[in-house]
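What follows is a pair of complexes built around subunit A, which joins subunit B in one and subunit C in the other.
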Partner chain A sequence: MFDPATITVMLVKLNALAGGLFLLTAFGLVATRQVFACLRIYVGQALLLAFSAILLGVLYGSVHLFFVAAITLAVKCILIPRTLRRTVGQDIYARREISQTLNVPMSLLIAVAIAFVAYAVAAPLLTISTGPNASINLPIGIAGLFLGAYTVTVRREAIPQLLGILAMENGAFFAGVAIAPDLSLIAELAAAFDVLIIALVMGLQTRKIYKYIGTTAVGEMTSLREE
Partner chain B sequence: MVNKILFNVIQVLVVMAFAPLVKGILTRLKENVQSKRGPSIFQPYRDIWKLFHKDEVVSVESSWIFRFTPYIVFVTPIFVALLIPVLTGYPLFFAFMGDMLGGGFILALGGFFATLAAIDTGNPYGPMGASRTRMVGFLAEPVFMIVFFTVSFVAGSTIPYIVHKYWVTPLTNFFEPPHVLLMLSFLMLIIAETGRIPVDNPSGHFELAMIDESKGLEYSGRGAALMKWGGSMKFFILCCIFLNVLVAPWGLAQTQHLWDVLLSIPLVLFKIFLFLLALVVIESSLAKLRLFRITEFLGAAFATAVAAMITKLLLM
Partner chain C sequence: MELLYILCVPILAAAGSLIPGARILAPGITLISSMSVLILSFQTALRVTTTKEVIAIPDWIACDSFGALILVLVALVGFAAAIFSWGYIDKIRETRDGIIVRPYYALFNLFLASMLAVPLLSQVALVWIAVELTTLLSVFLVSFASTPEALEAAWKYVVLTCMGASIALLGILMLYWGMMSVDSHEPFTWAGLTMASSKMSPALLDTAFFFILIGFGAKVGLVPLHTWLPDAHSQAPSPICALLSGVETTVVLYAIMRLSPLFPGISGASTGMWLVIFGLVSTGAAALLLIQAKDYKRLFAFSTVEHMGIILVAVGVGGYGAHFGAMLQIVGHSLAKALCFFAAGMTLLVTGNRDIGSIRGLIRTSPMAGFFLIVGGLGIAGAPPLAIFLSELSILKAGLASGRYLVTGLLALFIVIAFSGILFKINHMVFGKPTMTLKTNLPATCVVAVIIVTLPVILFGVYIPGTVYDLLRLAAYSIGR
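Right, the complex of A and B next:
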């Protein structure tokens, strides 16, 4: 029953499942109203990324991918949520609803269209790299990238916008683990700490903005005013 | 041949006999979660029995639709029970008559007449509930479509007996992302379609907040009994479609022996019980959505179904 071929098929399918759920979390970041729920969805997305990295590590026999998974878990599932909770005050999270430029069903529909665009963009690339894993991870990673960018444009609040940027990075990694399993460790470390610093700096900025202006709806701040 | 007709009849009888029990267990479990004792699980049977023995009052302003509707609501789930796998893993005598889309249309017919009957009497709450049900209905419709298309895209068929074998042959198919995402999406659809909590509160008694319940307010006596019974059968049928067709065919009879078919009754009921446990967790941990948030709920179901389709495209 457990011959290697079956296990390989199983792992490929599980990786595909992680990909599907990854896409779902990307949709979730676009449409969720609560700030806390957004943060949790982001952590879930990072978990799926780590899960996929572990599966691909087993499939490709690559130790690097296990390091990627470990770094992802440490930085994105533990450090970034903690940093964001520390730097940004509690009262920002206490708010339940986030303002959006478009209403939720509309932005979901556009997100679905963007996912199809990502599929169309990735299709020519797939002719170069082969294998069932790349054909899942590359389009979904690109879709994650696009949807992260879309989250930044459609959201008006600072924290979800920040999470959108971080989700873009998640998407890039999700595509990366499949097509470059032997990326050198220093690059992974650099990217991970980059993200951490981004979260820290933007969290502090958000706190400042909230302190001076009393809101974090940065989408509505369109003009400078001199005192 | 004779066997298959007999099994088909058994299937219908099981649906008719156990549908109120499923409703009763669900109500009881929900009350238990709220640390109340709750009514007996056989309460729906007593309700239906009592209603059958009461006089029926029909408004003089109503037309034949009002009198006719309880029978349609009662009969349509029985027709669907002939088509789908409730107890057996192989098609029975009447199964050739329709696929999943056909079953969906038959169920929709019952809903359509219930809506018309709610408008028929001129009771102010009836049309309100009816229009709200239609709102949920037409938002759920595209999701149904995408789910069925994705199912036929993945499994290569819309006939339930072919679809449910596909998910477990080989077993790794069970973990395919389209399958998992379709299950999620269809679960949200069942919640919306049967009026469970994030969409509608089935135990609420405040007319202005009602969606599904207010359609049956005008019925009394035998009509009310048939509406109640038909509603619980519709729930049972949707559970069967979800569990036996979309999740997995485990617990269904595979051979043509009578004992095997009878043995599958407790197994299927056990499967439904597990599903009810999950449903109770969902219903007890979420709050009812505001009316115009239902679009978002069903939008999420739509996005999930489309994600299932996209991942299937990628896997090809």
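Right, the complex of A and C next:
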């Protein structure tokens, strides 16, 4: 019924779809104002990362990537949202960001430009590419990385900044599942653990800031600067 | 075996410091643990000078000459900081309520363990994780005082360095990709990477290097990613500042320098150019910024950026001479910077003031703090005959010998600006008519700690012991090709 070639083509196309949606979530993080919605977008992004890992696992016949998908799901879709809710507290979650550094249309325009830059960075590397997957995952992963960095710079609230950092890491791994599919499992596990610690540490720090300063708009803390 | 002990002892000590009990328990355990780590590190370094490499688990945990050099520095500054913490944290607790000591020592030990892990791990991906952990474990140490300023500094610190870490992660994954694409069956270690690099695509290597330089550069404090550094390195408690400025930056710099053998003839390659550009910009910007610093801890923090820049330039210029200078500079900077921050901590204790302008005549109010502040200032600025003078001289000499006159000239200019900037401010604080009264006496442990780091700073300027010289020489060879 389905010959292997058709299945391969289908999987590659599905992976491309996952890539497109991944990029969309990266844009979503730049523009969404509700803190809680940001978290949902992040979870969606992690789901897409896991989805891509599974697809590539089938394509490359690598059991390893299934583990990566499982770790991603467990840590980023379940543990991180839980940790954040536990450490940060509900009242900060329900918050809406009043003002961003730039207005939304402007920041989306810049985000589009950043995505093009990411493609330009990736293009020269694709000459050594090993297939169609790297040419999807690498540019989109780099774009995810850059857009995450951009999210951190335009957002003022603590939690969206934190999610921007976690999204950067997602971007790096989105590229990683295609270009480094058999990186040692210990490294993958440790990296996932590391992301969890980032969430924990920054969550606790956010609560501490809220407790001592009474705000979570970290972008407005400017007592330390050069005169 | 000792390598495994070095990693395990601080982790056990961290658990031990959390045990409720006598007030002396947590600092005592930390002190014993850091002393044993120091002894084990010395042992490792001695063995490395004869056997080139000490291996605990092949391809996972090993230590060569460059690693041993960093290891000993981390252990030494960590030991001194543990002694300094004892009296310093006690004094702080007297003046402010709500300071809890046990978590401080637990985090102190874990932070130390993460820094010790970086030179000991062979797998590049694990080194990345260790570097990331150094940030995450030190965030609460930076915000220890819980003042608005400290919290702001800690937030900036974690945000910028974690952003950098993600970028470096992608660079490391790219290196792995490059190794796989040339069908290398070497393990993903520094050595395996060096072996495979000659076959790897230059475009890929360059891009990966650039990502790692930017990513880890954010943590080293390269301009323009340095903005968090003076904040975090000035707001943390002084013993932590000594660790952050003295060795944490060095440890991350080590990870960048490890990549240099991937690029044969680094001075001609574009990577060498990037190192020189980033290094010079950092040195220059930091030299100009430290002139206008008003807080003496910020002054020393900017000087860290300056020194990181100098070392990068030396690596970028390449050649044995410059590499040797870079190694000596790493040693000199780590110890002298720890000395500076210890002296700054003493000054802060006795005056309760961070402002350079309002402190005068420190040498009369507190001869001890004043004396070590001036020694630290001279040491870090690179006055002869101290260690940094020697290393800066050999870097400049190597720069001239390789015909990079413009680079060397600019570097010399920035060094001179920083020199006069630092000494002008220190001079203002230490001499003149005393303006303040002594707030408190200095704890004896602080004095002991500062003496431990002062001795090598003075000694290495006039005489480098044979073993240390061997270690420096081997380390300089190991980053060249």
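In the analysis below, the second predicted complex is superposed on the first by the 220 of 227 C-alpha atoms of A that agree within 3 Å, B and C clash if a C-alpha of one lies under 4 Å from a C-alpha of the other, contacts with A are read in each partner's own complex, and residues count from 1 in each chain.
By our rule, contacts are C-beta pairs under 8 Å (C-beta built on N, C-alpha and C of every residue); 3 or more make two chains touch, one makes a residue touch a chain.
All figures in this text were calculated on a predicted structure; none of them were measured in a lab.
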item: Partner chain in contact with A:Ala172 - subunit B first, subunit C second, else both or neither; value: second
item: First, second, both or neither for A:Ala187, with subunit B first and subunit C second; value: second
item: Contacts of A:Phe51 with subunit B and subunit C, given as first, second, both or neither; value: neither
item: A:Leu109 touches, of subunit B and subunit C: first, second, both or neither?; value: first
item: Partner contacting more residues of subunit A (subunit B vs subunit C); value: C
item: A:Tyr42 touches, of subunit B and subunit C: first, second, both or neither?; value: neither
item: Touched partner set for A:Ile142, first subunit B, second subunit C, both or neither; value: second
item: First, second, both or neither for A:Tyr150, with subunit B first and subunit C second; value: neither
item: First (subunit B), second (subunit C), both or neither touched by A:Ala16; value: first
item: Intersection of subunit A interface sets (partners subunit B, subunit C); value: none
item: Subunit C-touching residues of subunit A, taken from the complex the two chains share; value: 121, 124-125, 127-128, 130, 134, 141-142, 145, 148-149, 152, 158, 161, 165, 168-169, 171-173, 175-176, 179-180, 182-184, 186-187, 190-191, 194, 197-198, 201-202, 204-205, 208-209, 212-213, 218, 221-224, 226-227
item: Subunit C residues within the subunit A interface of the complex; value: 123, 125-126, 129, 132-133, 136, 139-140, 143, 146-149, 151-156, 158-159, 162-163, 166-167, 169-170, 173-174, 176-178, 180-181, 188, 201, 203-204, 207, 230-231, 235, 289, 292, 294
item: Subunit B residues within the subunit A interface of the complex; value: 170, 172-173, 175-178, 180-181, 184, 295-296, 299-300, 302-304, 306-308, 310-311, 313-315
item: Of all residues in subunit A, those that touch subunit B in their complex; value: 6, 9-10, 13-14, 16-17, 19-21, 23-24, 27-28, 31, 104-105, 108-109, 111-112, 115-116, 119, 132, 135-136, 139-140, 143
